[in-house]
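Order as written gives the chain letters A, B, C and D; numbering starts at 1 within each chain.
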Amino acid sequence: MAELNQLIGALNHAADVIEENKQHLTELDGAIGDGDHGINMSRGFSFVKKTLDEGGFQTPADLFKKSGMALVAHVGGASGPLFGTAFLRASMALKDKTEINSEDYISILKAAAEGIKMRGKSQAGEKTMLDALIPAYEAGETALSQGKDTQEVLQAVKAAARTGATDTEKLVAKKGRSSYLGERSLGHQDPGAASTALILGAIADYFAAL
Amino acid sequence: MAELNQLIGALNHAADVIEENKQHLTELDGAIGDGDHGINMSRGFSFVKKTLDEGGFQTPADLFKKSGMALVAHVGGASGPLFGTAFLRASMALKDKTEINSEDYISILKAAAEGIKMRGKSQAGEKTMLDALIPAYEAGETALSQGKDTQEVLQAVKAAARTGATDTEKLVAKKGRSSYLGERSLGHQDPGAASTALILGAIADYFAAL
Amino acid sequence: MKKLINQPENSLNEMLIGMAKAYPDYLTRLDNTNVLVRKNLTEQKVAVVSGGGSGHEPTHAGYIGQGMLDAAVAGDIFTSPTPDQIYEAIKAVDRGKGVLLVVKNYSGDVMNFDMAKEMAEMEGIAVEQVIVNDDVAVEDSTFTTGRRGIAGTVLIHKIAGAAAERGWDLQKVKETAEKAIKSIHSMGMALSPCIVPSAGKPNFTLAEDEVEIGTGIHGEPGTHREKIKSADEITQELFDKIQADAPIQSGDDVALMVNGMGATPLMELYIVNNKAHDLLVSLGAHIHRTFVGEFMTSIEMAGMSLTVLKLDDQLKSLLDDAADTPALKVIKK
Amino acid sequence: MKKLINQPENSLNEMLIGMAKAYPDYLTRLDNTNVLVRKNLTEQKVAVVSGGGSGHEPTHAGYIGQGMLDAAVAGDIFTSPTPDQIYEAIKAVDRGKGVLLVVKNYSGDVMNFDMAKEMAEMEGIAVEQVIVNDDVAVEDSTFTTGRRGIAGTVLIHKIAGAAAERGWDLQKVKETAEKAIKSIHSMGMALSPCIVPSAGKPNFTLAEDEVEIGTGIHGEPGTHREKIKSADEITQELFDKIQADAPIQSGDDVALMVNGMGATPLMELYIVNNKAHDLLVSLGAHIHRTFVGEFMTSIEMAGMSLTVLKLDDQLKSLLDDAADTPALKVIKK
């Protein structure tokens, strides 16, 4: 599926998409949180881009590790440790692989989700980024088991993440800042789920366009 | 011109007129001061009314003294010590007279003006209550020297005070809070001059209606 | 947005420099970080570190000094600081007796402090953490994020700081802070919103005759909105909510805090204090100490919060211990 | 008008009760007056009394205590107190060594304090008076009322209070305060107006992009209005006006105060402090002490004032003397 250079391209594209959606993410967070999710993500991913520009990565694992460190150090808020942990877990799952295939992609998404669960003491159905990420890797697993090709797997992940994010509107928040609203969080999309769907979508789009 | 009872009536009427003009005086003060002159005067004169109701005055001097003390203790701000001193000086000027004539009236206005000058370190032309009071007693002196009767003297005082107050619009404030505005105080009537004209007008009206 | 700032993105940095310049005897900035550290650290004591998003000044750095904090980590405005920053603070103040982190219960703060704790522990530093969750406006539940930490946190700084200054060990300092956290309850309200400089517009709106009850310190929605009432009625409403949660008994000793959110004048806080005292006294409580002022603000939000801390003899004496910080000084008699 | 009050006409009274309840160790209310008096008056010292209109909290009563005021007389909001009240304060605190009145230069305050002084002198009490007029926004002239007294007054309380606490006699306390008054200069600005509760509406209006430069502490008009600029530019503008009036020379020792008017958050005051420090340092001044916070407010006006006090050795050491009051504490090192 991808070598180091392509992974760098994919992450760069994801960072651009986050930047384009800064305002949108902030508005989502404004409705049920403190209105900074777009700002946090844009700040964090601008440092990811800086890391990507500096280059010098040994392996995909190294790439994810350094990107994850950039996220941990610059996103702040709740999403910083969560996306950071997700990237660091992805890195650990890759060990010293030099390129990754679609199976690897799904297993790093799964490892990322496990990391978020651990760090956030959270699980599916609590109206968080997990509600985009878990359906996404599950859809990927299904596609793989049906023998779909890489592009199809990536598109299945993208579509499921998007649907998962949209469906968070039907959930009552149990974790994060929006949980303070209880029932009042219904009818709003979770910003972290939205940014997760954007990132997974950007990765799929990048490889589709290669 | 007046015995104790009529003086009580006149002061009562003056207090009512101040109360009716509370808002107006406050607006004048809002333009070039701190917007409390009506509030201060209304509070002070409500205590004058209380003093008048309690009664038990020995002489006109006693009446002015107790009213002056009420003003000193309840008006506050700049106008409190000034109107208070004015009333106390009026009281001193009356000594133990049991009734007062129009000459007495003019001389207590003059004594009041002297008290204000001393207390306020002020003089004519500085855009203060003196610019209503000084022309008022001067008009009264002229009327007296022309042999006018009591009602005519009172009306002359009223008219001159009114004109004096209006003419403060043409003065640059040199004393009191409005002096901080310098030239910006031009075009506005001095609130203390306005209240002085109201009081002297109310006294004239009271005796005219007897 | 009408503010005394320069470029919004420089506000945090300029504020930290401005604080360091204001209090050179108390604190100093750790190079290349948003960490302010106590000058003349007391050797041989547990260090107490707190932090969180900025915009709550004087919280947190205002409480650096004798008997309170050894370091404060400033995040961006209303955004938790990152683990690397917290880690730098821990390293800077550890004197070999360990470090207590006082964290407000927000997912972001908890997770970032958690990661920093892990990083410090990997370096062999003993770190413990307490989570302040005094806001009774939010439902208490172990299945959710639970209650927010608000103004009561300042009194936890005071108590943990005094315990550390006495030379107690990390475990005892932590247990004492946890005891105080169990006994502290707060509830706030807002009259008007606040503006995060980089956002440039208010984070919520209220009608001219409306107040929000139960607001957090970032303008998070509260329990409900209502028509504005008298200060006495609003104080009663907040107090009842606290009382429903943690009933005051006759004879209880308490500390009371009336905290201003930023734009509400002291005059109004004293009027609220007048009523809050009456309510406590009518229940038979003894008010050991009263704090009225701006302790944990929400930029320029108008509003206030009430905090009631039940005291045993130990907590009383820790509150009475000397403290010498820019924003809170207790002079021992 | 959105305020945490009950009946507007009760605000002053409820505020005073609320203060007395908050600080029982520091002050007590004189029966049937609006006077707050220091608990445990130091015997055998000159008493220092201040006061003025309310709405400037923590001024004046917040400065009652060791090393500052012995009594504070509260007038109605933005209205000078009356002579009878001031007289009661003087009588309550005189210990036979005389009383110094610290008065802000407003016609009303000056005349009411004058009358009270006359009343006390008739009773044989030695009374002296100093008039603070630090506001360089107003032209200085002996033919007019002259300059207003604003936030610098708090530092005069500190200095006069320290001098009295040292046991100096009335004449020396007065002369020291007068020396400090000659060396203190302030200038303020407003971002938004304030509302006197009994008036119910703002005392002036400013457009969304407008600020008023040179405003007094009652929302009195300043020197001019202008489009809002950066914090650095506004600080520079106020500072230049102070500097034009009382130039700082290289090597001068100064105290700097950045005072918040009520609604302006501490964050912004620190940003201003950052710039003000730079300006002083660039002139070669040595900043002996910095005060950042709300010392003399204008109810809930947004804005700030700068105060620069030039110090000789005597004033430095008086500023450094211990003070223990609700709103200002100096712990002697």
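Definition applied: a contact is a pair of C-beta atoms (placed from the backbone, for glycine too) under 8 Å apart; a residue touches a chain by one contact, two chains touch by 3 or more.
If you're wondering where the values come from, they're calculated on a predicted model, not measured in any experiment.
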item	value
Taking each chain's C-alpha mean as its centre, the one farthest from subunit D	A
Whole-Å gap separating subunit B and subunit C, where each centre is the average of the chain's CA atoms	55
Chain centre separation (subunit C, subunit D; CA means) in Å	29
Whole-Å separation of chain centres (CA-atom averages), subunit A against subunit B	79
Residue numbers of subunit D (touch at least two other chains)	none
Multi-chain contact residues (two or more partners), subunit A	none
Topology of the chain contact graph, where touching chains are joined (line, ring, star, complete, other)	line
Each pair of chains that touches, named by its two labels	A-C, B-D, C-D
Touching residues (chain side subunit D, partner subunit B) in the complex	75-76, 78-85, 106-108, 111-112, 114-115, 137-139, 143-145, 148, 196, 198-199, 203, 216, 218-221
Residues on subunit A engaged by subunit C in the complex (per definition of touch)	26, 30, 33-36, 39-40, 43, 72-82, 84-85, 119-120, 174-177, 179-182, 184
List of subunit D residues in touch with subunit C within their complex	2-6, 11, 14-19, 21-23, 25, 54-55, 57-58, 62, 77, 191-192, 208-209, 211, 228, 230-232, 234, 258, 262-274, 277, 287, 290, 292, 294, 297, 299-300, 302, 304, 324, 329, 331, 333
